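The two complexes that follow have subunit A in common; it is paired with subunit B in the first and with subunit C in the second.
On to the complex of A and B.
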């Protein structure tokens, strides 16, 4: 009997081996997905309603109101996209171009710098399947996949047997955690493979590691045991296929990426190392790639409605435009900035007309002028998404819903403009 | 011994055992519950010890016939045990052994609704004639949700 597999959209691993049992268009049992995935696939506990000005409305009037708000705005912002299909993201980019909007996603305060460097070929990367088949040394740096991507270790990076790693994790793979705290991933790696560094000490530890790889004495201001750094250097030198899984802990700690470039260059002189960004939301990398293809930038943009030209830079990131109060309306797609941004910045967002497109109710939706419920990506609607390693995965629809997909809603808003 | 240290050590026999040490052994084997020791429950001076012991000895719940317990409230469904279990690898090398969802009915662990479920436990290497002290599922669990009693 052939099995029917679906794709989980709980995180950017996009596990494509999920079996689902349904009853009357409700997902009842999910096989093989982790808790995070099951929570996503079983749908919202608190679905969003279609409203205009806080009152229930039909979808046509909500779309027409959304179009009016965007038409009247001089500097609208379009934000979110991490939980949308690639098709919806492309529509969103098209809409931003048409109305001359600021466009950004969570990557501007998340994995953006790493993805940008990978797309510009400044960092060597590989696919998750390469990791499964070949990787013998895996470093989790500032990342705790046991919590953020529960199936990362079991499906790709540490435990599975692969073509060149057939003897299992005990003999064939070495997993190392470098973090400021003893995470659950560090527990799995073991005491000897856990390197605890002080907060903000990542760049210095990288320099020390480069020294160790160059056969020099590794020095750190926080007096990290030199023997242990030299030992780590030796493990990395012997790696046949190494991977550094970069988590948010490392991205937030580095003021600039130069130390990471230096370490990767040194590692690739003495052995072969690849970098894997631990992307959180299921299609954040998709948005970065789609915008990169369209404009040459991955995020933080302002389109000029008349010329179609783009302005790019830190000043155009969601945080800066809200801090400057330079936007006068915002369209939020599949995100909850009022919860995720600092209160001092998010407060302004609650003062301007907001349009939220999301399957579930959230804090941003409660302060929105217009809320339009959409189908849950990967469950109630299909499409394509880009995995954390850049591989495109096709999402399959599991159950039917009356809500249109976010792609359809964005198409209708664009037409109504 | 660690459990014994938290008991009153008075050999009062109120639990029905001859000594506190005997009660400690039964606690470890999940034959007795922490609440079966009346002085520990009732006397204020043992309150801290009672709390620590209750934390240490998690309730058995649905223990399988081979003594394997999956603490469902701790399990996050990461599937580390599914992929690391040598029996799963032997019985399903291209499914569970390769990191994917199990494709064979002979596997011991499977994740359902985000929680690992144990089945075919008689296949486990800790049981049967040639038993060995395998700890593959325990060592790889990030939340210590798997236990043998």
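On to the complex of A and C.
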């Protein structure tokens, strides 16, 4: 009998080797997934209810009210998307175009600049499978996959015996952590391969590393041991297939990406280095790619309903439009911005009419005029999603639910407009 | 009520760095309103010297605040070998986000991982519940 494998939607690794046991349309056991993945696939203990104005409602009334809110809004915002299938994301983009909405996703305040640079061919990248089979020097920079992407090291970057890395971590791979704190990942890399830099010191450390790779004396204002930087430079020079896994620690520390471009260019003069964005939500990259195909931008847009043209830029980011109080209603899909945004910004969001589509109850839902429960992606509904490395993965439905998929809900809202 | 209740609790300035924790993340998947999520989220990890400066013991609650927000969270030792006085760690959560400045210099990206706040003993105050953050 052939075994059935499913995809975990716990993070953007989209591990596709998951086996499950079910009973009466409930996932009871999950095999192979990490702690976070098991929790995701088993579903939450407090599912969201279908409500209008805080009272239980049927889905038809909720969709009708959602359409009314969006129709009445002059400057609606559609936000979320990281936990939605690509099919739902495309519906959302279509809806934003139709009603002239602002549209954004969580990449706007996390991995967005890195994904954008990759899609614009400004940074050399590779697939996770390339890392598993070929990578010999792996840098975790401002990233702690032991917590954020627990199977990254075991499935791809450090422990596996890849096609060209048969001796695995013991002999064939060198893992390095550059971070401002000793993370669990830094512990795995070991004392000699952990480079602890001060807060905000990433750009300067990059410059010093470029000096070391150029056979110059590496200097930092925080007086980092020059010998250790030179030694690191030598390891990187000898790499046959190097990777920098970029975490949020690095993204937030860099005011602009120039130091990273300079380092990557230098690394590719002396050896071969690739960059992997450590994307969190399972289909954030999918949203960036889908919007990029449609508009040439990955996020931070406002559509003109009449012309279909777009305005784009920092001023159209979810953070700026909420801080400026430019939006007067919001549709939130698979996200909890009241939890993930700074409170001072989220407070305004809580004051305007909100519609939340999500499988689970969350803070944003508690402040929403309309809540519509949807099927849990990759468990109760299928579709496609894009892994952190840009590879498209098919999600299979495991169990039945009465809740429609987010794609279906968005289709119905669009039709009701 | 002890005599200490009438004394002003010492207040210290901290730079706060946020991080991810798989246990907290799994608890979030199960329920954002669950006890486990609050227990693993509403914490601040401090250098032992800062715990002394605050005149508290581990697992006491502290008020962490700045001009953007205020939360009561549980103080824990960071467990890091290297001393880091003045630098504290909070797991990324609604509790840490309550303190993140909204200033972005027009970039659209707040300083989620690098912001300042003060801490002082809450003198037995209750941890801020997730619904009370708003």
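To be clear about the criterion, the second predicted complex is superposed on the first by the 417 of 417 C-alpha atoms of A that agree within 3 Å, B and C clash if a C-alpha of one lies under 4 Å from a C-alpha of the other, contacts with A are read in each partner's own complex, and residues count from 1 in each chain.
Criterion: contacts are C-beta pairs under 8 Å (C-beta built on N, C-alpha and C of every residue); 3 or more make two chains touch, one makes a residue touch a chain.
Not measured: the values here are computed from a predicted model.
Superposition of the two structures on subunit A leaves subunit B and subunit C fitting side by side, clash-free. Once the two complexes are overlaid on the shared chain, A:323 sits against subunit C while remaining clear of subunit B.
By the touch criterion stated above, A:168 is placed in contact with subunit B alone, subunit C being left untouched. Comparing subunit B with subunit C, more residues of subunit A are touched by C. Look at A:361: by the touch rule set out above, it reaches subunit C but stays clear of subunit B. By the touch criterion defined above, A:125 reaches neither subunit B nor subunit C. Taking the C-alpha centre of subunit A as the vertex, the lines to the centres of subunit B and subunit C open to an angle of 60 degrees, rounded to the nearest 10. Applying the stated contact rule after C-alpha superposition, one finds that A:44 touches subunit C and leaves subunit B untouched. Looking at the shared chain after the overlay, A:111 reaches neither subunit B nor subunit C. Touch criterion met: A:29 reaches subunit B, while subunit C stays clear of it. Legend: residue contacts after superposition of the two complexes on their common chain; A:342 is shown touching subunit C, with no touch to subunit B.
By the touch criterion defined above, A:181 lies against subunit C but remains apart from subunit B after alignment on the C-alpha atoms of chain A.
Following the chain A superposition, subunit B and subunit C show a smallest Cα-Cα distance of 7 angstrom. The interface of subunit A with subunit B overlaps its interface with subunit C at residues 34-36, 38-39, 146-147, 150. Those residues of subunit A that touch subunit C in the shared complex are 10, 34-36, 38-40, 42, 44-46, 108-109, 144, 146-148, 150, 180-183, 196, 199-200, 248-249, 252-253, 255, 300, 314-315, 317-320, 323, 336, 338-347, 350, 360-363, 366-367.
Put simply, subunit A touches subunit B in their complex at residues 3, 5, 17-19, 29-39, 132, 146-147, 150-151, 153-156, 159-162, 168-169, 184-185, 187-188.
Put simply, subunit B touches subunit A in their complex at residues 75-80, 82-84, 89, 93, 97-103, 110-115, 139-140, 142-143. Considering their complex, residues 15, 17, 19-23, 25-27, 29-34, 68-69, 80-82, 84, 87, 89, 93-94, 97-102, 104, 106-114, 130-131, 133-134 of subunit C touch subunit A.
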